[in-house]
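Next, two complexes with subunit A in common: one pairs it with subunit B, the other with subunit C.
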Partner chain A sequence: MDIMHFLDIIWLARMPILKGLGVTISISLLAICAGTVLGVFVGLALTYGIRPLRWIVRGYTDFIRGTPVLVLVLASYYVLSTVGLQLGPFQAGVLALAVFCSSHVGEIVRGALQSIPTGQTEAAKAIGLTFPQTFAYVLGPQALRHALPAWVNTAAEMVKASTLLSIIGVAELLLRTQELISRTFMSLEFYFFAGLLYFIINYAIERFGRYVERKTAVPT
Partner chain B sequence: MTSNSIIAAAIAAFAVLPITAQAQETKSKLDEVLARGHLVMGTGSTNAPWHFKSVDDKLQGFDIDMGRIVAKALFGDPDKIEFVNQSSDARIPNITTNKVDITCQFMTVTGERAQQIAFTIPYYREGVGLMLKADSQYADYNALKEAGSSVTISVLQNVYAEDMVHAALPEAKVDQYDSVDLIYQALESGRSDAAATDQSSLAWYMTQNPGRYKDGGYGWNPQTYACGVKRGDQDWLNFVNTALHEAMTGVEFDFYAKSFKTWFGKDLTPPQIGFPVEYK
Partner chain C sequence: MTNNLLEIRDLHKSYGAVEVLKGVDCTMQQGDVVSIIGSSGSGKTTMLRCINMLEEFQGGTIRIDGQAIGYDVVNGQRRRKSEREIARQRALTGMAFQQFNLFPHMTAVANVMLGLVKVKKMSRDEARTLAETWLDRVGLRERAEHYPGQLSGGQQQRVAIARAIAMNPKLMLFDEVTSALDPELVNEVLQVIKSLAQDGMSMLLVTHEMRFAYEVSNRVIFMNQGRIGEEGNPREMFHKPQTERLAEFLKSSTFN
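Let's turn to the complex of A and B:
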């Protein structure tokens, strides 16, 4: 295969590729942000919630984590429409990924919070901090350090899971790639190129995680 | 194939729910579509020449044109149509859950599917064909068959691929490849003597590369392609049938023939004037 010829074809197809890349990034960003916010509350409820709340949230995380993402995607697209909630493919996809993300982040946050010695909470109580203050100034920053590597991992998983949305017709990067292949008959080249783009997105997430890790590291 | 059928089964499982949950509809889909002012058609975007994107990112193909025929019959304007992008697995669920008015997406008519949705009249008959290089040592299908075990056929990987080829060429060697471009490449590089796949795909590829390939002149494995609509709405089904029927035999024949020529490279002879062709 002539590399210049392929670059030519990619240049010709730049708009669909960029649009697909944009959709993949926006879906991933929305799902990761919404999933992280929701996940922090899930983690807090799992760690500090009163018993009935903890049971409910435990059931939620176990159920969602034990369900394939594809099933969640299909459920939010097809099942919700039967109860009158008509979501478009994009909205249904973001919802499914955000819910999936929240259950993973919830577990990560729970693990991070539980790894902090109870002495920290006791000391915070001793100097008269309320619970929100304890979380904001004592537990939160420490938990963040513990949680970051696992969070980066989950965020990268979300980007990869976004490819499943092509099933319900979201024109993300993978579907755009398949559209190009059907026109050009160049499957290996285009799949390789899409793989490269996914790698770049995930590498950027990893660098971002490293950056936050450095910023939040305990000065030595 | 296997993963596809698992996905299909999963979607089907979800799509069963709404069937039972739905209340009886009194008004026809035809009135609903007319009131809305445009047709909502489900189709794919990754299969040339049926439904795929042009260089400037517009949906085009034979399935797309079938939708435009219906839109034109509805509103006198082939552009009053909205396409819902769906995977092949979502064809039936999106009809049963009312996400689309109609699906035209190279859907093979089978008894099993006809229990779930209502098929329109056929608009194309698909079959497997053979494509050879224009300068091939074999003239056509008969020459390939006579050559027996010394010919190699490249074909898309599939559980039934071997049997499918052997139904036409009992002794031929079968090489299976992962994607369509690879079976064409095998033919181009001389690793196979002919490529066997859907005749529509071959026709499209030959239209794209004029003079380089030739058709084997034999077709087998017939399949009927038809659009699908929701069951239980005879008014709507009749309307779509009428639109398609008149495109193949009546006032819209030129539209259909032009589309046929564009995507399959063949000219159609106009239906005979006088006694209706249907009763021949």
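Let's turn to the complex of A and C:
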């Protein structure tokens, strides 16, 4: 393979690739942010919710986590429209990924909160803190540290899962790449290049996670 | 009777079907130092934890400075106070725990400051000054910026005591504060407690350190199977136990 020729082709195809990359990043960011916000509430409900609420939320997370992401994506695009919720492929895809993300983040948050010894809550109570204060100053900051590595993992999973949106016609990086391949027949080169871009995104997420972990580490 | 600092009447507490406190009565005056001794499972720690509502109790009343703790009686119905009210009442007492329970993500001084700023609503500067004063008092002024993970067990426990006492509680509760410490670290913590007692701090201690209970307290309570088995001044209790159960307990303990 002539490397110069390949770079030349990539350069010519830069616009569709960049657009695809932009869409992939938007999908991932939206899904991760929405999924994290929703997931925090899921985690709080699982940990502190009254029993009926806990059962409902437990059912939600178990159901979502037990379903393949592809099925969620397809259901969100094809099934929701039958009940009158007409979403475009991008919206439907982001919704499916956000829901998927929320169930994982919910479990991460629950695990992080439950890993904090009860003595912490008791000590906070003993100095007269209310529950919201205890959560804000004692439990939350500690849970954040516990949750971070698993959360970074989930975020990277979301980037990878965004490729599934190509099935419902969202022109993200993978679909753009496939279009380029069908025009140029350079499958090895373009798949390799797309893989490289996905790696760079996830590597950046991982570095960011490490950075935050280091920043928030408690000296011992 | 109205000037009792602590007044416990007929305290009952069960975990499900298991009754751990079967009617405990106890009063303390300002400045009293009372030690609670007894074998494990006798209800000592549970009694202490009821006083600041870390445990719910099903019967009886606890009053601190005349205020009924945890529950109101409205039209003959016993009703739990609001969380906010209970949180406020918890600040009447300070508590030191067996496992220290310092907040690991905060420095020593931040541990002490948290309650001052968030509960007492002091400014950060005021709180820091007071926190540093108390850290100095427990001999840890120069460790103020250390995290709990960087301190020895004895130092952590002293910070925890400073954290509780900086809140200016009416009554300090000590729950087996030396049980988790290496033997050579026990003394530094006991010295701190002793000096607080000499300053007139009212305290209630659950302890296995018989020698310490003997030296520091003006009254000792022996708990036995969820009831007060015997109580009195330490001299009589340790040298002339009235009940066979206490005599037995003292024989098996380290006091000699």
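Keep this in mind: the second predicted complex is superposed on the first by the 219 of 220 C-alpha atoms of A that agree within 3 Å, B and C clash if a C-alpha of one lies under 4 Å from a C-alpha of the other, contacts with A are read in each partner's own complex, and residues count from 1 in each chain.
Just so it is clear, contacts are C-beta pairs under 8 Å (C-beta built on N, C-alpha and C of every residue); 3 or more make two chains touch, one makes a residue touch a chain.
Just so it is clear, the structure is predicted and the values come from calculations on it, not from any experiment.
A.B. asks: Report for A:Gln133: first if it touches subunit B alone, second if subunit C alone, otherwise both or neither.
C.D. replies: second
A.B. asks: Which of the two partners, first being subunit B and second being subunit C, lies in contact with A:Leu53: first, second, both, or neither?
C.D. replies: neither
A.B. asks: Counting residues of subunit A in contact, which comes out ahead: subunit B or subunit C?
C.D. replies: B
A.B. asks: Check the residue A:Pro219 against both partner chains and state whether it touches subunit B (first), subunit C (second), both, or neither.
C.D. replies: second
A.B. asks: Report for A:Ser81: first if it touches subunit B alone, second if subunit C alone, otherwise both or neither.
C.D. replies: A:Ser81: touches subunit B, not subunit C.
A.B. asks: State whether A:Ala204 touches subunit B only (first), subunit C only (second), both chains, or neither.
C.D. replies: Neither partner.
A.B. asks: For A:Leu175, select first, second, both or neither according to whether it touches subunit B, subunit C, the two together, or no partner.
C.D. replies: In the superposition, A:Leu175 touches subunit B alone.
A.B. asks: Touch test for A:Cys33: subunit B only (first), subunit C only (second), both, or neither?
C.D. replies: After superposition on chain A, A:Cys33 lies in contact with neither partner.
A.B. asks: If you stack the two complexes on chain A, which partner ends up touching A:Leu70: first (subunit B), second (subunit C), both, or neither?
C.D. replies: first
A.B. asks: First (subunit B), second (subunit C), both or neither: which does A:Glu122 touch?
C.D. replies: second
A.B. asks: If I apply the document's touch criterion, which positions on subunit A are contacted by subunit B in one structure and by subunit C in the other?
C.D. replies: In subunit A, no position sits in both the subunit B and subunit C interfaces.
A.B. asks: Which residues of subunit C touch subunit A in the complex?
C.D. replies: Contact set of subunit C toward subunit A: 52-54, 83-84, 87-88, 90-91, 93-95, 97, 99, 101-105, 114-115, 118-119, 147, 149-150, 160, 163-164, 167.
A.B. asks: Would you mind writing out the residues of subunit A in touch with subunit C in their complex?
C.D. replies: The contact residues of subunit A facing subunit C are 117, 119-120, 122-131, 133, 137-138, 141-142, 145, 218-220.
A.B. asks: Please name which positions on subunit B make contact with subunit A in the complex.
C.D. replies: Touch residues, subunit B against subunit A: 7, 10-11, 14-15, 17-18, 21, 45-48, 52-55, 57, 84-87, 89-90, 93, 97-99, 178-182, 184, 205.
A.B. asks: Tell me, which parts of subunit A touch subunit B in their complex?
C.D. replies: Touch list, subunit A to subunit B: 12-13, 15-16, 19, 70-71, 74-75, 78-79, 81-82, 89, 166-169, 171, 175, 178-183, 185-188.
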